[in-house]
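Below are two complexes that have subunit A in common, paired first with subunit B and then with subunit C.
And now, the complex of A and B:
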């Protein structure tokens, strides 16, 4: 397995750093899948991380000026690594003014993702900083655990209000309760609500719009069509998980939406021209 | 003692005190004939810092002629006087330091604009002389550079990092984070390579590596960066202290930091490291794909990379990901060790900071001897014990 990539463009480097930083806010550790066209950051819902899962897809061509890889085998042309996004983020943050940044898979004291940056100096020789980030190579037979999650058969799909507004609301609610109820209907209305013995607070959002998923049965499923457009579907989630998602936002998405499966899961989707991030928060009883 | 500091020099003094506060809890003050000495030492006595301000630094400098006076005081209380950077720059015109012998107080008076006076009376304790024994001029490795270079270097390391390792050869200096061997598989390793021509002076007689605490280096840079004076770094063998220096016609600052001493085994491998391990200078340009990772995944086909290394048989088919990977990593590691002669194979090296061998010189009887009467070997307490997390 071999991998090397090079980023020269400052804007790309900056963007890439922001994406990684966003991911590092969501999870301590995740899986990085490298394919010839894409990079995927994957967190599969395990009990240890509270059942949340994440799928972040980046098109390599939009970030890397050079990108070469040789996967496990010609048939399975992929590399699958377990990484600590915090390390990646830290390494990239110190290289913001670099002339060029390289990312390579290397074998040092242990398998590493090596980030090398050529920093500008007054001297004739460049200053070079190298970060060796230990990674675990995920064996082929475990790859199946890190497949792209399918869009759940949601009851309601709705565009999110501005994330900053949502964050402010959720931050305030966090002080009152550990759980938040997300409600939405097919008339573009969404409520964020907490209920405790002492207090109930609801924030109403209107005219958000519902994304047209088309009649594609495989995507929309039947649930939405059978759902009464006026009726609210709801899911009660751990407020910290939602807050984490909102705090980490550094990628300004062109579209942000949310699919709710009644009492089952909240599926958040952020779309940017070259990045997409999906985040699943399981509902709790 | 009676001295007056005016104008911009007040800010220099303030920076020196802030910088000393990064070292220890107490400020040792000693007015000497050749200037005012301010010193500090950390609790484990592995770091020592001294500033000497020459009489010319002051607009008035008089010291008691009859007897020598030395004292120490809590550095926090002195720092409080100079806390506000803004007011120092905008309003303070001069600072008057006077010893009130009757009251046993050291008085700091800040003369501000519009005739405003701020007076701080600080109590003090008598102290013995604090002196680290070091001879930087005998050191083989001497570097001088703009403080900016070191500031830019340390920004690459996380604030939580305890120690850095500096290695040199004739053309380059490498700075990397020091990682305990048992942490190597978990911790990110960061290495920065500086070319000799980034330095004003670069003399490396001994190609070796030293490891010392980053916190005190950062403290030193607080002062150095504010003055933009060139800084010098002197070091020798691992185990003997590294000396950081900033000098001007009217002041001199020396920071002496203990370095990690390695056992014999480690020393050897260190010299080996200096010769072999630092990556070739133009590694960045070198895009040889073959140098990258080759067949690391052994979970399906364990054969290829296990050649040679006597690996325990993969026990049962039930043995899942965890053991396989761990097993594999252990093997990678040992290969690496063989190739690069990294470290000693039996157990971790004896990691310890050598003390700086401070002499507590008690006046006046033993004042003649420049060598310490009592030397005590004190070890740095940090990161030593129980770090098997």
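And now, the complex of A and C:
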């Protein structure tokens, strides 16, 4: 297995750094899948991480000037690594004004992603910073655990309000309660609710709009079509999971939306031009 | 789109479609207390200045709102927000009182972030309603078209301690510009268990002393200092106050522009802070503190 990539453009580098930083705020450890066209950061919903799962998709051509890889085999042309995004993020932060950054899969004392940054100098002597980030190679037989999740058969799909407003509200609600109820209907209305012995707080958002999913949307039985447009679907979630998702967002995405399967799961989707992030928070009783 | 001019019943109507049943207002429902503010920060800021304990006693009278917080029966803080600070202030009884969790209230008031107003019109509009004994305090907050409804449970109000501090018993009084006291407080030796205040018609006039690990320190203010607005001391008095009790008052000091320091014949301390809010209106926060140990006058 071989992998090497090179980023030259400063804007691409900054963008890549931001994406990694966002992911590092969402999870301590995740799977990085490298394919000839894409990079995927994947977290599958295990009990140990509270059942939260994540799927982040980057098109390599939008970030890398050079990108070469050789996967497990010609049929399974992929590389699957377990990484600590925090380490990647820390390494990338030191490369902010680098002339070029290379990312390479290497074999040191253990498998590593080696990030090499060529820093600008005034003299002719070059300055190069190298970070070796230990990774774990995931064997082929376990790959099936890290497949793209299907869009759940949601009852309501709705655009999210400005994430900053939502973050402020969720931050304050977190001080008051451990759980939050997300409610939404097909009339573009969404409520965030908490209820405790001391206080009940409901924030009402309206005119958010519901994304047009068309027929190919829900791969299930089209629960949204049978749902009363006025009725609120709801899911009660661990407020820390939602807060984590909101803290990570450093740039306002071009589209932010949320699918709710009644009492089952909240599926959050952020679309940037060349990055998409999906985040699943399971509902709790 | 603010709802400050909309009558309350109309406001409820526009909520009715989205609000759960429990938050709907019943027809003909009477609130004993309704108050609204264009800028919720004008209330939350002043409440922060007394937020050193969870429990606060609210007392509303036709003159305005008084919020009281106490600690260990030795310290009492009162925030006074006059009725005319509010855009609407309706009270149907002579006195409406209840106890509430102040930390929860502050989280609710700042639900939209509560950051400084950067763009005009981006402040949080607030409406507070209370139906009476046994009912929650309901807050309606609106910012940029987003509405938050909070229902905070209330408790039976406890009787605040009467410190019996009346102006006729005041022996010494000074009014200072807060600036000068902020400086002193930021440099106070916090390892000292007590703050000793000396007020006297003669030298050293007004002195703050600490007795900490690294030695004793004295802060003297001459009576004709520019920082001294008023100096009325009739008798030399030296009293000690627990630093831990005085510390919460620095929150009020930070917001204030003037502070009046008074002691009475028993050595009780009254600190009154004059606070100007975002809109230039004036509110007061007052701290009462018991003396720690009697020090014999020399």
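One rule holds for everything that comes next: the second predicted complex is superposed on the first by the 279 of 285 C-alpha atoms of A that agree within 3 Å, B and C clash if a C-alpha of one lies under 4 Å from a C-alpha of the other, contacts with A are read in each partner's own complex, and residues count from 1 in each chain.
In this section, a contact is a pair of C-beta atoms (placed from the backbone, for glycine too) under 8 Å apart; a residue touches a chain by one contact, two chains touch by 3 or more.
Treat the numbers as computed from the prediction; the structure is a model and nothing was measured.
After superposition onto subunit A, the modelled positions of subunit B and subunit C are compatible, with room for both. By the touch criterion defined above, A:225 reaches neither subunit B nor subunit C. Looking at the shared chain after the overlay, A:68 reaches subunit B, while subunit C stays out of its contact range. Of the two partner chains placed by superposition, only subunit C is touched by A:204; subunit B is not.
Legend: residue contacts after superposition of the two complexes on their common chain; A:38 is shown touching neither subunit B nor subunit C. Applying the stated contact rule after C-alpha superposition, one finds that A:255 touches neither subunit B nor subunit C.
Contacts of A:28 after superposition: neither subunit B nor subunit C is touched.
For subunit A, the partner with contacts to more residues, out of subunit B and subunit C, is B. In the superposition on chain A, contact of A:110 is made with subunit B only, not with subunit C.
Taken over all C-alpha pairs, subunit B and subunit C come no nearer than 8 Å in the superposed arrangement. Listed in rising order, the residues of subunit B touching subunit A in the complex are 152, 155-156, 158, 184-195, 197-198, 279, 281, 283-284, 287, 289, 291-300, 321, 324-325, 329, 332-333, 336, 342. Only residues 1-4, 68, 72, 84, 87, 90-91, 94, 100, 102, 104-112, 116, 118-119, 121-134, 136-142 of subunit A touch subunit B when the two sit together in their complex. Residue ranges of subunit A in contact with subunit C, taken from their complex: 161, 164-165, 168-169, 172-173, 175-176, 189, 191, 197-207.
Residue ranges of subunit C in contact with subunit A, taken from their complex: 15, 18-20, 22-23, 101, 103-104, 107-108, 110-113, 136, 143-153.
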